[in-house]
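In what comes next, subunit A is part of two complexes: it sits with subunit B in the first one and with subunit C in the second one.
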Partner chain A sequence: MSNPSLESLKGQWTCGKCGSLLEVASVNVSYLGSGYPVDLLVCKNCKRPLVPAELALGKMLEVEKLMEDK
Partner chain B sequence: MDQTRLRELEDQCIQECAPPCAAHCPVHVDVRALTSAVAGGDFQSAFKTLSKTIPFPEIIARTCDQPCQAACYRKTVGGDIQVAALELTSIQHSDHLIAKPMLLPRRDARVLIIGGGLSGLTAAFELVKKGYQVALYERENRLGGRLWNYPEDQLHGDVIQREIERIVDLGVKVHTNTEVTPLLVTTLQFDACYLGTGNSASNPFNLLTNPDHTLQVNMDTFQTSQANVFAGGSLLHTPSTIFSVSDGRRAAISIDRFLQNVSLTASRVNEGAYDTRLITNISKVEKVETIPLFKAGYSAKDAIEEAKRCLQCDCMECVKVCEYLKHYGSYPRKYVREIYNNLSIIMRTRTSNKMINSCTQCGLCAEVCPSDLNMGEVTHEVRQTMVKTNKMPPSAHDFALRDMAFSNDPRVALTLVPGEGSTCDALFFPGCQLTASNPEYIPQLYQSLASALPNLGVMLRCCGAPADWSGEENLFTQTMQEFKTQWLALGKPKLVLACTSCLRMFSTALPEMETISAWQVFEEHNLFPTGRQYTRPLAIHDPCTSRHVEAWQDAVRSGLDAMGIVHHELEMSRDLTECCGYGGVAWLAHPELVHDILNRRASEDNADYLTYCVMCRDLLAGKGKSTLHLLDLVYGKDLDQLARRKGPDYSQRHENRLRAKQKMIKLIAERDQPMTESYESYMLLLTPELRATLEDRLILIEDVQKVIEHAETTGESFKNQQTGHTLAFYKPNLITYWVEYSHEGDTWKVHNAYSHRMELEGGA
Partner chain C sequence: MALISTAPATKNNLQEAIPTASVCPVCLKRIPAARVFYADEVYLEKTCPEHGFFKAIVWRGLPAYPSWMREKIPNHPTQPFHQPETGCPFDCGLCSAHRQEPCCVLLEVTQRCDLGCPICFASSSLAPSSDTDLSLVELWYKRMLQAGGPYNIQLSGGEPCLRDDLPEIIRMGKALGFDYFQVNTNGLRLAEDIDYLRQLKEAGLDVVYLQFDGTDDAIYQTIRGRAILQQKIKAVQNCAELQLGVILVPTIVPGVNDHDLGGILRFALQHQPAVKGIHFQPVAYFGRYPQPPRNEDRITLPELLSGMESQTEGLVHLEDFHPKGSENSYCSFTANYIIQPDGSLKPLREPEAGCDCHKPESAKEGVKRSRAFVAKHWTYQAPKTISSSNLSLGGWDEVLERARTHHFSISGMAFQDAWNLDLELLQDCCIAVAAPNGDLVPFCAYNLTNTHGQALYRPRP
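So, the complex of A and B:
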């Protein structure tokens, strides 16, 4: 799963909990028993990933539908 | 759905049955294809269609007695189609060339054909094609038999000779001037024989006869009393060229089977002329008179006109009235196969899930289907199977099921009886959607009903329809059980309903319970106000679940009369009414289709509509069709505005249910019920555009509030350095909601919200 808007978001977001700048990291996303790694902005301290709107409403939705019909 | 059920359902749909013309034609010329080609001026392919089935196209076109016309659906609307004349025109206006057929590899078995008329020649043709050694004996000095009796201007000798020669040239050994006597038979070498002598008098085999001296012949196999001798043609029936061709062909099938030593009778249905099951509705067909023949034929132009009169008979009754069936471009026989295949898929993508989930389960198809096929029941049953086998896409009905869960949550649901007791004599059950759309009507309606029904209780909850529609059998049973427990505790009161979908659910699951509609109570107790007025024409849209519920349909109509409201019927009304698209949760599976469903319904009549299901009202009004609910006429003031109002959005519907509950508690128990959840204190600010976007994304205001509450109380969020916005997520159940917001004064300004179902390592 590629995430083209990632670069443009980098440097904009900090973690609300610990204040550190988010960094790009590979995160596992899964649905109905299958998973994939995807690059996301993540707080390295708190391990929380950020899912941008374009990803949730685009690629993620597409993959969800696909897996639901499998 | 197993194979047997699939077959049953496929068989129930008559769409692929032959039209009466092709069924009654004993050789089954594809008359529809022929007339359609002629209608398009394509005489060449019309001729192809004809010559594919008939080895002597011109002889037949000039002599056929047209049994195809017997049941032609055009008969009563202008006269049956002149098929033979169209066949002739297709010969005259095409190259009428017939390619030499492929012959199968040589077989040694020898077939003796006695009689060179049409039936013998057809049998010879069919058997030569199969590779048999065919010898044909004719008493006269030329082949053709009775064909030579036709007047020359109807059937010229040249035509006879040309068409017979083509057959003989395939390799039939012809012996003319030879009468086959009992003596000659003993000298001939053959493995099977076809007797097509035109009369029973010549009987060289000494075959058994009937008392009237006709030959004993099995009419399905054409076998005589001697196993290897078969007979047909005019010795069996009054002379008819087309029946002779048919007999010759069918006897040839028997001879082939006999020589190969396989069953003569297995699977030979509908071989000759038969009555088809196809039914074509001609109630809307305009009368067009037969184009007169000129000397038994047509000019090209006249032929085209005549062919255009052909109705291209098929059924398609359900597809004509159902936008859903129309949308997928086919018809139920094909759909049930597709659905069956979808269920059987193991590893590949199941492409028909959406199709299965888009039927509104309204049952209109069964009303118009000549064999009562109900696709609503089929999709319902299949959804149940999908749920049971874990093949239902989790997102398919989730939103509707959560809406139902909300209505039945103890915080939202309500059961209340007046006075000190714990039972009631009647129970008002308005249904979750009327409560959600028009909470102000609930106490009003209760008061009206209570004026006629003493000791009237109220129950606010959802009947369980979304669970049933989604195929969630267990959830539906459980929901009904919860209701039933309460109903028993209330002393089995009679249920007073205001929604036909509730009625449908209760009468299926709890048939022992007595129900009545609010409208009937109004009617019986003269509760309808009089002297109401509506300025524009008003047509009644019956909700689809009112189908066959005549008592409700009638009560609404007499209610309108009592109020002095002028109204008229839609063409598709009462038992033939159409669904608005809310049924079967189709609106969730296929919003674009529901858009088409609504447009179709809305454009059927220029009048404004009056209905008695609030979802029908809200959906129709949402598409710009002015529509009133019956209760608008009873309690409403500004009817114009009420007919045009859009229904509340999903968030508002939730809030309305809570508000209705508060009002009913105030009314019956005379106490105030504060009902605020902690997250409700987050006052949101969002543009109408964003609110509409959230509606499309199925995100409720309360979902947004929960995210903000979670972020603000835990600090789990992200901050944007440039905009200062906060972005946070919260996952109350299976869905993760994200909200981008900023704190402005007392309020929380929402910039965006979205959701996903995929799960992320790290909690989202």
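So, the complex of A and C:
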């Protein structure tokens, strides 16, 4: 599934470690035994992904709450 | 912790068992007790100096008892109404030594009931009107706020739906800041009076906590004294029509309906999306029992789990289930699923290896999570597109949306009676009953009765 909003962020972020521009790539996001590919900005050298705050505090938090309930 | 003993716990071999405390079922005096292991069975054993030795089964089979431990850091009430003076369980209300605050509080809004179930713990009857005065209901709400509320509310009884002004009781609570309401009902009125059900929903009722003992009228005839399966089904249909969630609440009695665990689960899945889950309750023996209940008259939590597994042809598995984070782990079980389009159940599992799950957890966080869980998942969710973010989370988006509308929970809670009461479990209780004096008494203490049917806390009818 593509992330149109990510396209607009492309070229605006560089890797803090190596300085490379981040590019959109598919990353496997897994939690408690389940995992799905998600398009994120990734450093092509270090392979470190950037999780936008909107995603971390939004849907990722929802997933965390869903999986850890009770 | 996996201790094995082949003899009753005595002063000489008590070190081979896990010591705890209980009460004498005859005089209700506090006495030492022990959890004693016999292969894969665990018994609560105790001796009253005056009334002798008692032994009650508390655990049979897998998952193994030691593996079910989920240790918690106590969460003492911030505003206790009592101090420990006489000792547990004689200072309830809650007292400052209690180790958990309430998740849910039961308000018994009437003692009237239109069923005369032999197993009722509320001593209800067809006796003349004994509805709780609205001024006492208001006092309960205010006392709960003093104690640290709001908490989740269960309207109970008697049969609460015999009250025409139940919607007013919900509105009163809403106005005082209580967000979540469930009604514990036999469903008879909800089956025949959909306008009343609509009034409850409009007042703010979140879920119908429906006594549902099985899918065969012979079960109702035995447990409830009447064949009322059709009324149960109609009540569920009415809830579905009004988009009101339902939790099925079976009381499981060995030899009566322990063969129908799979049937109940299949019924629940056939009534989606209204039925949000099942909450099993093994039978407990409150009231007058001159002879101790036989151990074969009890079904323990692991037996419910293995029964469900064997009766559902692979739909659920033992490993889906885990102890809860709010109450004592030996009081309950839970499993959460997403119902898949093909009708199968995808479990949402707890973390296993490499996690912090064997460290003591915060009971305060556990009860907060439990309240939030019930408010979120024990309620009807109409389909709509999630919109918390424009950014896609790939396949997780579908999981989140499906989980909102097709989340399904299976849980169970074992109530304790005078024979199997373990005071260590009672002190961790997060279900309270609002007493007529405004105290909040842990459920199993409130309903505790001795062999003569005399209660420690519940007023005589």
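Simple rule for what comes next: the second predicted complex is superposed on the first by the 64 of 70 C-alpha atoms of A that agree within 3 Å, B and C clash if a C-alpha of one lies under 4 Å from a C-alpha of the other, contacts with A are read in each partner's own complex, and residues count from 1 in each chain.
Throughout what follows, contacts are C-beta pairs under 8 Å (C-beta built on N, C-alpha and C of every residue); 3 or more make two chains touch, one makes a residue touch a chain.
What you are looking at is a predicted structure, and each value in this text was computed from that prediction instead of being measured.
Legend: residue contacts after superposition of the two complexes on their common chain; A:Leu22 is shown touching subunit B, with no touch to subunit C. Within the superposed three-chain model, A:Val63 lies in touch with subunit B and with subunit C [touch as defined at top]. Legend: residue contacts after superposition of the two complexes on their common chain; A:Leu50 is shown touching subunit B, with no touch to subunit C. In the superposed model, A:Trp13 lies in contact with subunit B only, and not with subunit C. Contacts of A:Asp39 after superposition on the shared chain: subunit C is touched, whereas subunit B is not.
Once the two complexes are overlaid on chain A, the subunit A residues touched by subunit B in the first and by subunit C in the second are 29, 32, 60, 63, 65-66, 68-70.
Residues 349-351, 353, 393-396, 697, 711, 715-722, 726-729, 736, 738, 740, 752, 754-764 of subunit B are the ones that touch subunit A when the two sit in their complex. By the touch criterion stated above, subunit A contacts subunit C in their complex at residues 1-6, 26, 29, 32-34, 36-39, 52, 54-55, 58-60, 62-63, 65-70. Residue ranges on subunit A touching subunit B, taken from their complex, read 11-17, 22, 27-32, 40, 42-43, 46-51, 53, 56-57, 60-61, 63-66, 68-70. The part of subunit C that touches subunit A in the complex is made up of residues 324-326, 334, 336, 348-352, 369-370, 372-373, 376-377, 386, 388-397, 399-400, 403, 407, 411.
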